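Two complexes come next, and they have one chain in common, chain A, joined by chain B in the first and chain C in the second.
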Partner chain A sequence: MSNVKVNRRKFLKMLGWGGAGTALAGCDMPTTVTLEEGKEEVVSYLMPEEYVIPGIGVWYASTCTQCEAGCGLHGRVREGRVLKLEGNPDSPINHGNTCLMGQAGVQAHYNPDRITSPMMRKGGSLQNVSWDDAMAELSKRVGSASGLKGDRFGMVTGTVSGHQAVIIDELMSSVGSKNHYVTEVVNTSVWSAVCRDMLGDELPTLNFDKAGVVLSFGADFMGTWTSPVHYMGEYAKFRKGKRGALIQIEPKMTLTGGNADLWLAANPGTEGALALGIANFILDRGWNVNDVPSSVRKSLQQYNLSAVEKVTGIATDKIKRIASMLTERGPALVIAGASTENHENGYDSVASVMLLNLIMGSVGSTIEANSRFPEKSMRAKQGSSKDLLLLAKSLKAKSLDVLFTYNTNPSYSAPAVLQLDEGLSNVGFKVAFSMFPDETTVKADLVLPIFSGMEDWGTHVAAYGAGEPTLSLQQPLMEPLYKETRGFGDLMLNILKMRSKDFDKFADYYGYIQTAVVNMPANVVGSVTGDHADMWTNILQTGVIKAKGEKGSLTPKLVEMKYKPQQENAGYPMHLIPSTGLGLWDGRHANLPWLQEAPDQISKVVWGSWAELHPKKAAELGLKNGDYVRVTSASGSVEAQVYVHKGIHPDAVAVPVGQGHTEYGRYAKGRGVNPMKILNPLMERRTGELATYATRVTVSNAHQHGKLVHMGGSEIQMGRKFVRTVSADSLRRTEGEV
Partner chain B sequence: MSLKNILENFSYFRRDAEMGGHHEYEHRFGMAIDLDICTGCNSCSTACYAENNLAVVGKDKFEKGQAMHWLRIERYWDEIEGDFPEQGAKFIPMMCQQCGAATCEPVCPVAATYHTPDGLNAQVYNRCIGSRYCSNNCPFRVRYFNFWSYYEDSWPEPLNMQLNPDLSVRDKGVMEKCTYCIQRIRVAKDTAAREERTLVDGDITTACQQACPTDAIVFGDTMDPKSKVSKMWAKHQIHRGPVTQKKDKANGEVRGYRVFDELNVDPSTMYLERVRDTEV
Partner chain C sequence: MQVERKMLHRHLVNRMRGQIRMKTATIKQILYLSFLAAVVALLPAKSYAELPVPAHITPPPGEHESPTVPQPIEFPHDRHVQDMKINCMYCHTYARRSQVAGIPPTSKCMGCHKVIATDKARIQKLTEYWEKGESPRWKKVHDVPDYVHFSHEKHIRKFVFDADFPVQDVQQVCGVCHGEVRGMTVAEKKEPLNMGFCRRCHEANGGPGDCWKCHK
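Coming up: the complex of A and B.
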């Protein structure tokens, strides 16, 4: 905050010490001298800093950075401290609500394990250095005199958007490198690829509220699919009124599955066959649906009911029921997520799912063209696991000399067999822009501690704009906690200044953003008007700029279905499900105590890893809750305590991603296991994404028992009727269309 | 309460629970939670941690049942014969129900838990001696005892800077529980008083209600007939006082119910039944 003259944090300190000074007055201490820095004035409560009214919380608009959804926030600031985060009602993404990860944003900010000083590797270990030394080293390695040029420079980040994406692009083009790896393990890359190819739009707008029935093949839209808070809001609309029905097909019950009207576990990797079977059945019946070209029709014929039952394990009467639900209860919306996407045949499966949308006429009703943010360079660069594979490959090939890492943790996420850690040691100079000592950061040669999401400036454009493309402003909610931290944008700007004089006109990233935002064309700044100062004030107050979107159109294109079954894997009979959830996400939130203590929504386990098994399989292996089980793939093994429940396919074992950190502070380190480490290096055939759900494993009894620490003494209600249920019929009679 | 007082004011003391019994209520705050749109995501619970200075206890103490989650999401499985829970799971946010005839109140030997004129079961931390009778008597199991001085290691610096100064951090030996965010109620009341008006519906949002991604939680004054929560209570034929059973309702099909209503505790939280589409 370059234009703020009074240092809020210092002010607070003075208040504290001023009190001490007064108390010492009896010892002949002059009361006008505070103990701190020998300053000769005491600022009393009667003269507070501008905007600070002791005891009154003030709310400032900002943007959540806990995941990529880009929810708008209001942060409560009292006496210079941010205390509580709530949703910004003006944001079209979250409409004033937040998820648990958003709530825990303050714990990332106030985390006791933050890095508070730049560090440089000296003699094998990281040692604190001054910013001058750190920047001198950086200048030596990447400044204009370094001669750094071309693809020997790489940068790996999580999803980026807004001016952050722009400034990273500036750096990449300044060096002349194309190697910006955007990695996210929790992604919807395959879904996006299919949407692009079959609808002509990577992330079409989904209208849950218009749908009468939603058929989801593993899309955990309440948990980890694109924009959970937004979709939960949409889900509420979908359930009210005529009350749509939700059918979920997935091998392990997710939060969304837990809320479904019908939950079915198809054999893992056969979801595409099931979708084709449903499509074939609907077309066979000659129901009033969109017809398909005869070539496509022909390719579907092999998916008759009995064949599909055999492949998927879903009984024919269930397939018929789903088909009739889609036709009777429409408009239908059919979606696919992680457990369908992340197989070797993921693309084909998702394409099969999309076929259902085309024949049910969802396109144009429940699926509409996305309204894109008008400024192309600021749109979100969405992360993928393909980039993780590409990064590992480049590292192994020793094709990078300098690597910047920011807001991602490839060293934790990459399967062990990719040997990413060994690859990292091939890079001559690794710079980590990081808040925490995570697995990737501790391997860096230069660690630059950055501001938290509550200290930094930024702009964000959500990948899924919910039909209303918005620029969401992130503004500091308080002064930086630590003197020796810097903004990521400021550092990027500094590095650019080392290379070119073009950026000298910007004093800092704040100035850069402010100049850029107020000078944006009218179609971006939308309704925000007035002179620059007015505009800026307005934007700071509302936190969101609603842009005039570029609404595309959907061009549905049918392709011949080439669904391929999964390959059998003899010797490894079980499917490993590295599940992700709303909470620890991909492991990035394992250092937040609230989220460690928030029970997993389905298993209710806290503070550790577990392995979910079906009672049938558990009985076969002689396992009960709390027993340790060894899960072994061709690439390694992990051990975890078993949680036995029926919401999982009997041939699958689910081990959640998130724990098993070897670094990452006191709350995360050395807790549980990381299933990503034992994944085989399998790729989705069409998109090159990491097929995270394709690894086959064996499961064996580790003959060890411990108490499974989870919430709740009883798994069933024992007739106590805490949660009562009523039929949808009855609801329609009593509440009807609302 | 002398005999003379009772005799003189007999009609006042024999008022029905619907009329507030012997309490002179200013407000009776209540909730309505729609279990059909509650997804069980835990956002409310985490918001409660953020708002109410709830201690994080860690794995070992959690195992002993010493977690301090004032608001917890309970998940129940159906008792099914089949191999799969085809109808999903059942979730319910469970917190103090602020009973009108609370079982926790009369057993407190030091009157640390008492009934406020707002209809809340308040806990006076300074008065609490930690007998835990109240917790033992609570059918909902929503009272949480400080077995340890959690403040010593729950908020290592600078996590302590997040603590909400509007309410205290509790020490060992004290019982605590959901307050319906009483500090937010106070702020709203103060603001209304400053603006020389009465409280109106929407002035107060609890932390859980504010966070809920599906807006499943509705909070308000059940004595204000214009409040959303009152309207919901009326629509679902739930009224103050003892037991509202399905058979007593004019339309037995409406979804509203109160957990453990049969115990005559007069809970202030109404739940709407989870809907199941049996045709699917």
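Coming up: the complex of A and C.
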């Protein structure tokens, strides 16, 4: 045997023949997978609809509810089951595309951990009860005879819009409470505040396609910023034809950063100084389109190149290069996202970024006034982390007797120091309208299981309307899977009926929406015509109503710039970055196996948490991939495995948000860590938002090692040319200064 | 025709069983029925001319030993196909349109059986289902695993419509895979319907040979 040489080629050949032999023999093996006669049932239709053909899918239009972007969907339904989701080409937001979170919508719907019966807290634990009992209890607590009035009632939700926002408003005004907390950890609140103050429009339309260069200060517009699917489409246009250049400044590489031509990590919290430095340099050279008042010009002079290099850690030649790219490759578009917004100086930093847009003349070309949805009450109520802080404060002050929670999980998102869980126990009666037993739901006194996004009716108005204000209809794609679940709108309507006779005319939420939609004024239902029945059919078919928007105008003005750098914190040398990504988002998708197994776009880690460290820092601490580290802030600590990557600032450690659930079903529970829990209670100074990127930490070796589970064992191509590359130098020679 | 005789015998025995369950069995009845069964079994079996194989199809060899699958209603294919001359695709209407041939909707059965044979026990059972608003839960007899993408529509198109084969004789085409259903009560699997059977047929009749044509 010893002289039989088997090389790789021979081995494969042998394997091939062996495999073929097995396969051929296997062809005639009786298949026992599903072939055994009589093992499965087949049930025919009783009376099929004419257009229904078993085995052939029918597509229905609806709206995605996986995040707040409000993308239009087409759902394929076969034999009464929804099987596949795709984008609705008629939607101006996503133009027929979906992201991975949208695709995973079916897993939320068919999730085995859905709550299938109402539950009431009895003797300390939640027990199944009938809907009659649940509604009787609800009526006792919130009905007209309950005496519930005023601000002792609160409701906490995620972003809401359309008729859902209207019906929640109805309930709030019926009780006379103003305590509707709209919480979102992934938000653009600071950007919106700056846009409102400096441009006069909270979410102006950004024309990526008209831009020649985009300078993004941490705006992960392909991942988590505002309307990712929409911006991915816009990004494609921006890169097509005369290829636009993308510069990304952020402390941890995001999906957008990974696609940038130039990626730089400024010292975390100093992005504003860098923006002012670039502005100062441009003004110095006279490259600006618009002038600034002399007082502003004067105050900018302290941001000279060497001073800015010292503060931000970005070399002067890089600053010059960004400035010349903004000028030469324009029209420019400068935007800011999470890693710039969510510091204590976030507002000032974003205002500094906006200053660049003003001096480069972007306003009116790459930034235009948004066309708002004409019906004001239906516009999106955008969530913020400020509301999370306000909620925690009210709970601590014991100022709420009844709290409704829907489509949000504050108990998971709130930093531990806010003591939100303790606060929740101060509330006499907590009602959770929920599909899943998440951290907030399991603390409720009454749990009302609701329909999935694929079983319920609804209307949605996206906060970012993409220039065309649209009402997107959500219609059920199939019958409810569980007979003991109810629609959120139906429950709201029932509660309103308990309090007032005005709502008795609506049999259910479907009736409420249908009546409201077909009776909307012509400027709202602009794209839909005909009598009521025709209109409704048309809306059901297309899924979108394009309204005649109110196009405002932008009124650029400078705000008082009080830019202050972040304070140093000697005891905690590192910056904690609670990064978010397209996938688990803010943790709401941790119970969807497809998104758990979809590798993080940068680290490629699956099914767990990690702590991203720069190779320099890792070498300094003697750490390698898979080693456990303890990340400690003044408010707590978490342990995670190290992932060493160059795409992070050397003084930062990134721990992704999304894992570390203590509840939330079999796929989410007990997996990884939640960095939100160790955040310090720091606020953005002007807006009162939670400064999620401001927490300082120490990183120490936990002296434990395990294999880091991630796709792709290597960061390099091992000399095999999978992806062809050119050196930066040769590219510069052929493509100009990139 | 040994097979057919066996089949008819089973058919009758099954029928008898039904009757025995329905009525209080008396020894007299049992004896009478046994005698009847013996007489019938000795009579020459009702024979059909063998179902011809269409000239444009080369049937693949294959054998399958079929267990009888008890169904909620013992549906007599023989009565409908052989005696009443009903086309396969009258009931299995989706075969020419979709991957699946489809079990006819209960409303289709009731279309005739509101008036026809309403005194029969099986029809009364069917009517019960209909009135309850339910469909019988049939047991699958012919099936391929989920990783096999088989389309009735493509096969019917190739062997019937594209081949200008007379649609009224479609049972000859169906029979290549499904056997002589016209001689059965409830359907029985007569061919192995495994990959070897599929491959031999594809080779003999010019079907595609790529893996991904069936394994999508």
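Heads up, the rule we're going with is that the second predicted complex is superposed on the first by the 672 of 738 C-alpha atoms of A that agree within 3 Å, B and C clash if a C-alpha of one lies under 4 Å from a C-alpha of the other, contacts with A are read in each partner's own complex, and residues count from 1 in each chain.
We take it that a residue touches a chain if its C-beta (ideal position, glycine included) is under 8 Å from a C-beta of that chain, and two chains touch if they have at least 3 such contacts.
Every value quoted in this text rests on a predicted model; they were computed, and no experiment measured them.
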item	value
First (chain B), second (chain C), both or neither touched by A:P599	first
First (chain B), second (chain C), both or neither touched by A:I53	second
Winner by number of chain A residues touched, once chain B and chain C are compared	B
Which of chain B and chain C A:G313 touches, first, second, both or neither	neither
Chain B and chain C footprints on chain A, overlapping residues	55
Chain A residues touching chain B - in the complex, by the definition given at the top	55, 78-79, 81-87, 94, 96-100, 102-104, 106-107, 110-112, 222-223, 228-229, 232-233, 235-236, 239-240, 243, 245, 247-248, 253, 255-265, 321, 325, 481, 582-583, 593-599, 601-602, 604, 606-608, 614, 616, 645-647, 650, 666, 707, 709, 711-712, 714-717, 721-731, 733-735
Interface residues, chain B side, partner chain A - complex	35-37, 39-43, 45-47, 49-51, 56-59, 62-63, 67, 69, 72-80, 83-92, 94, 154, 156-165, 207, 210-216, 251, 253-255, 257, 259, 271, 273-280
In the complex with chain A, residue positions of chain C that touch it	66-67, 69-70, 94, 97-100, 102-107, 130, 133-141, 143-147, 188-189, 192-197, 199
Chain A residues within the chain C interface of the complex	26-31, 33-35, 37-48, 53-56
